[in-house]
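In order of appearance the chains are A, B and C, and numbering begins at 1 in each one.
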Amino acid sequence: MKDLVSMEELSVAEIGELLDQAGRFKQGEIWTPKKQMYAVNMFFEASTRTHNSFEMAEKKLGIDVLSFDPSKSSVTKGETLYDTALTMQAIGVDVAVIRHSDEEYYEPLRKLGIAVVNGGDGCGQHPSQSLLDLFTIKEEFGGFKGLKVAIVGDIVHSRVANSNMQALKRLGAEVFFAGPPEWMRESCSELGTYMPMDDLVEQMDVIMLLRVQEERHDGLLSFTKSDYHEKYGLTEERAALMKERAIIMHPSPVNRDVEIADSLVECEKSRIVEQMTNGVYIRMAILEAVCQDKETRVTTCTY
Amino acid sequence: MKDLVSMEELSVAEIGELLDQAGRFKQGEIWTPKKQMYAVNMFFEASTRTHNSFEMAEKKLGIDVLSFDPSKSSVTKGETLYDTALTMQAIGVDVAVIRHSDEEYYEPLRKLGIAVVNGGDGCGQHPSQSLLDLFTIKEEFGGFKGLKVAIVGDIVHSRVANSNMQALKRLGAEVFFAGPPEWMRESCSELGTYMPMDDLVEQMDVIMLLRVQEERHDGLLSFTKSDYHEKYGLTEERAALMKERAIIMHPSPVNRDVEIADSLVECEKSRIVEQMTNGVYIRMAILEAVCQDKETRVTTCTY
Amino acid sequence: MKDLVSMEELSVAEIGELLDQAGRFKQGEIWTPKKQMYAVNMFFEASTRTHNSFEMAEKKLGIDVLSFDPSKSSVTKGETLYDTALTMQAIGVDVAVIRHSDEEYYEPLRKLGIAVVNGGDGCGQHPSQSLLDLFTIKEEFGGFKGLKVAIVGDIVHSRVANSNMQALKRLGAEVFFAGPPEWMRESCSELGTYMPMDDLVEQMDVIMLLRVQEERHDGLLSFTKSDYHEKYGLTEERAALMKERAIIMHPSPVNRDVEIADSLVECEKSRIVEQMTNGVYIRMAILEAVCQDKETRVTTCTY
């Protein structure tokens, strides 16, 4: 795997291998690159979890991490993302983890030798988050076939939802949607079934809540936070109707008492904290895959 | 010691142990955690000394440091400090060093397993600065009993002063205050004696100057810088009146020619540079204490 | 070499040694300091290449790097650069790499024990860029005697040009200039010959293009980008007239289709990417030189 930019490019077998490898890392397996490798995490949009989780994964694999702050970089002098990535490659960086607001920002970078790992492209894809969600589900249920999984909320702005709904369908899960109808994507009707929140909570094995991304709505939300919670949120009342073994997921950051009642964030059914923990192991598996690929290629910028 | 949030929570014996351990580090003692540990320094207020001093201490102890920039984190999306700390714990961070403008920001974080080290909370406490000040005094005089120590200046806005005056009193020093009367705290009259600057300089063993924190006065200072220097600053004339073995301290950053004459900052009586050097050893002692405590607890996020 | 602040301070022999050492690093030579050393990269102006290249060089030499963000440091509280550098020295930092908008910012810092490496001072000097340019030329042609080297463009705002024109002259190259006449420096006429771009391209061995630094012109450029490209840029037509073995250089970031046609940036004659790669080896040589010097001095802040 030279780059990881979207879930579509991964075969079902490749997804399975990444999840298995993440499981081995969680069991304590150790892997380090044969020669010293270098990574840079270029986050042009705010992030705590994804950024620090990749950094933790890099450190656990013994990959050296270069600092990068877009607001202090030559990007402020008008340099393109391509030229910035070319620079990183020229100085000997092996892997660039990138989050950028432009969808498919990664296309021009793919001809470079540097490995590109997509940490989120606009409303496009967020493959590492999708893989950690899949890992968390598989860890819970052993597999995906026949599982009923709901994705709830701001699907149109969510790159996680976009990555997840396609992957879950391919893996054999039955996908459902809830949330404001104007927030669905066209692809929702092909990939799954829309259902009112109150019906949905009783039937699902997994309820994946999405963050209301105020920052992507230009401040124009047509409802208040408590309205949203009432209509589409996971309230304590709704949670009480969930199946016994059903679980609650959320990619975080959570808007407490909006998507989910404050008291449920760390409840027994919640896997929200576990998702963050699993994120490190998934990212270790992704980084191992691109580093191993890089080790097999002839590189022009060796040191 | 699970966390270090304030001086009040440390017994006299615990303070003594931390100072002794810092002394051993200064002599060259080496300590590293049994398993790899991870720290994150979350500074929501500007800092050079405290931030870099903790980072240096972490590096010297072999603790791996994750990057964190509040302006690039999910805090900008409205995430709370609790959820940010929960995230850090979930991805495997052992110690969070935090500076935040909210007093007692640390209270909700204490139930987490992650160790919290307070790098300054609003006008509340600054225990690592207090400990390095104590270390510097003890290094000079061997102890605290009967020492006359003055704290001069912006006491009401100073978390260092707040931490120091209590600790010095408990350790047996005699505490004095000088500076604009409107800048004293209520607790000053209980803990020590107010004295005009000119009388004070002749009698003290230690003169601790405080920074005029313009950034906390909303630009509304009732005097000019040279007025302040004249009335409450350590001028060359006043310094000439100090006892032979008396020392000058300042937590930095110094406003040269305001709290202290420019020529005195690096003078023979000044321990201002030594305080910064000692800060690294004190922070090594603090970090060792919380890491050792963490090693003895059962952790849920082991890797 | 205690500090590296300008090219003028390096003798021709010292330049030769640094280039040779960089060459050995490029061949795979390894050097690490005898005791753990610490560096801080303080970039008060935006940078990708220089900043990350120094950081990569530090990591390859096993030097530990402290983080520094001017916008989060006490500089925002009015602390001077001297006091910031004094702090770094006090906490045990061995080398400070600094970029700052003030010309000769480094003068007051030279009395400190910390090694100062100039990463660019206003429109003053940029010695590490100059050395990597010289390295790239020497790698190509084996030496400098009799080489015809052109520096083209915004010379008055370019610290690289300032560093390079002096060094090239001393090393025996013949220096030429092109670009808007109002962008020349007074020293240009002493050090070389101004020539129209069209005449120049046919005669040079090396064409060093400079970035049009819009950020230093207060938005007041007297021509459009395509005008500049037409008059002074390296167009495909002009490149076709270059000598067979002649090379194209640019310190980056490149304004594509302004200083140079987009299609030429990575063309066969271009050494632009190689310059970035070479920058790491040159910076390793510089850092080795100041670290070795520091190892021989008595230090006051040992740990």
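Couple of notes before you dig in:
Note that contacts are C-beta pairs under 8 Å (C-beta built on N, C-alpha and C of every residue); 3 or more make two chains touch, one makes a residue touch a chain.
Note that the structure is predicted; figures quoted are calculated from it, not measured.
Put simply, subunit A has to spin 120° for its C-alpha atoms to lie on subunit B, with the angle rounded to a multiple of 5. In this structure subunit A contacts its sequence twin subunit C using mostly different residue numbers, the overlap staying below half. Averaged Cα coordinates give subunit A a centre that lies 39 Å from the centre of subunit C.
In subunit C, the residues that touch at least two other chains are 67, 69. Those residues of subunit C that touch subunit B in the shared complex are 38, 40, 64, 66-69, 72-80, 83-84, 86-88, 90-93, 301, 303.
Those residues of subunit B whose C-beta lies close enough to touch subunit C in the complex are 26, 28, 43, 46-49, 51-53, 55-56, 59-60, 65, 67, 69, 213-215, 252-256, 273-274, 276-277, 279-280.
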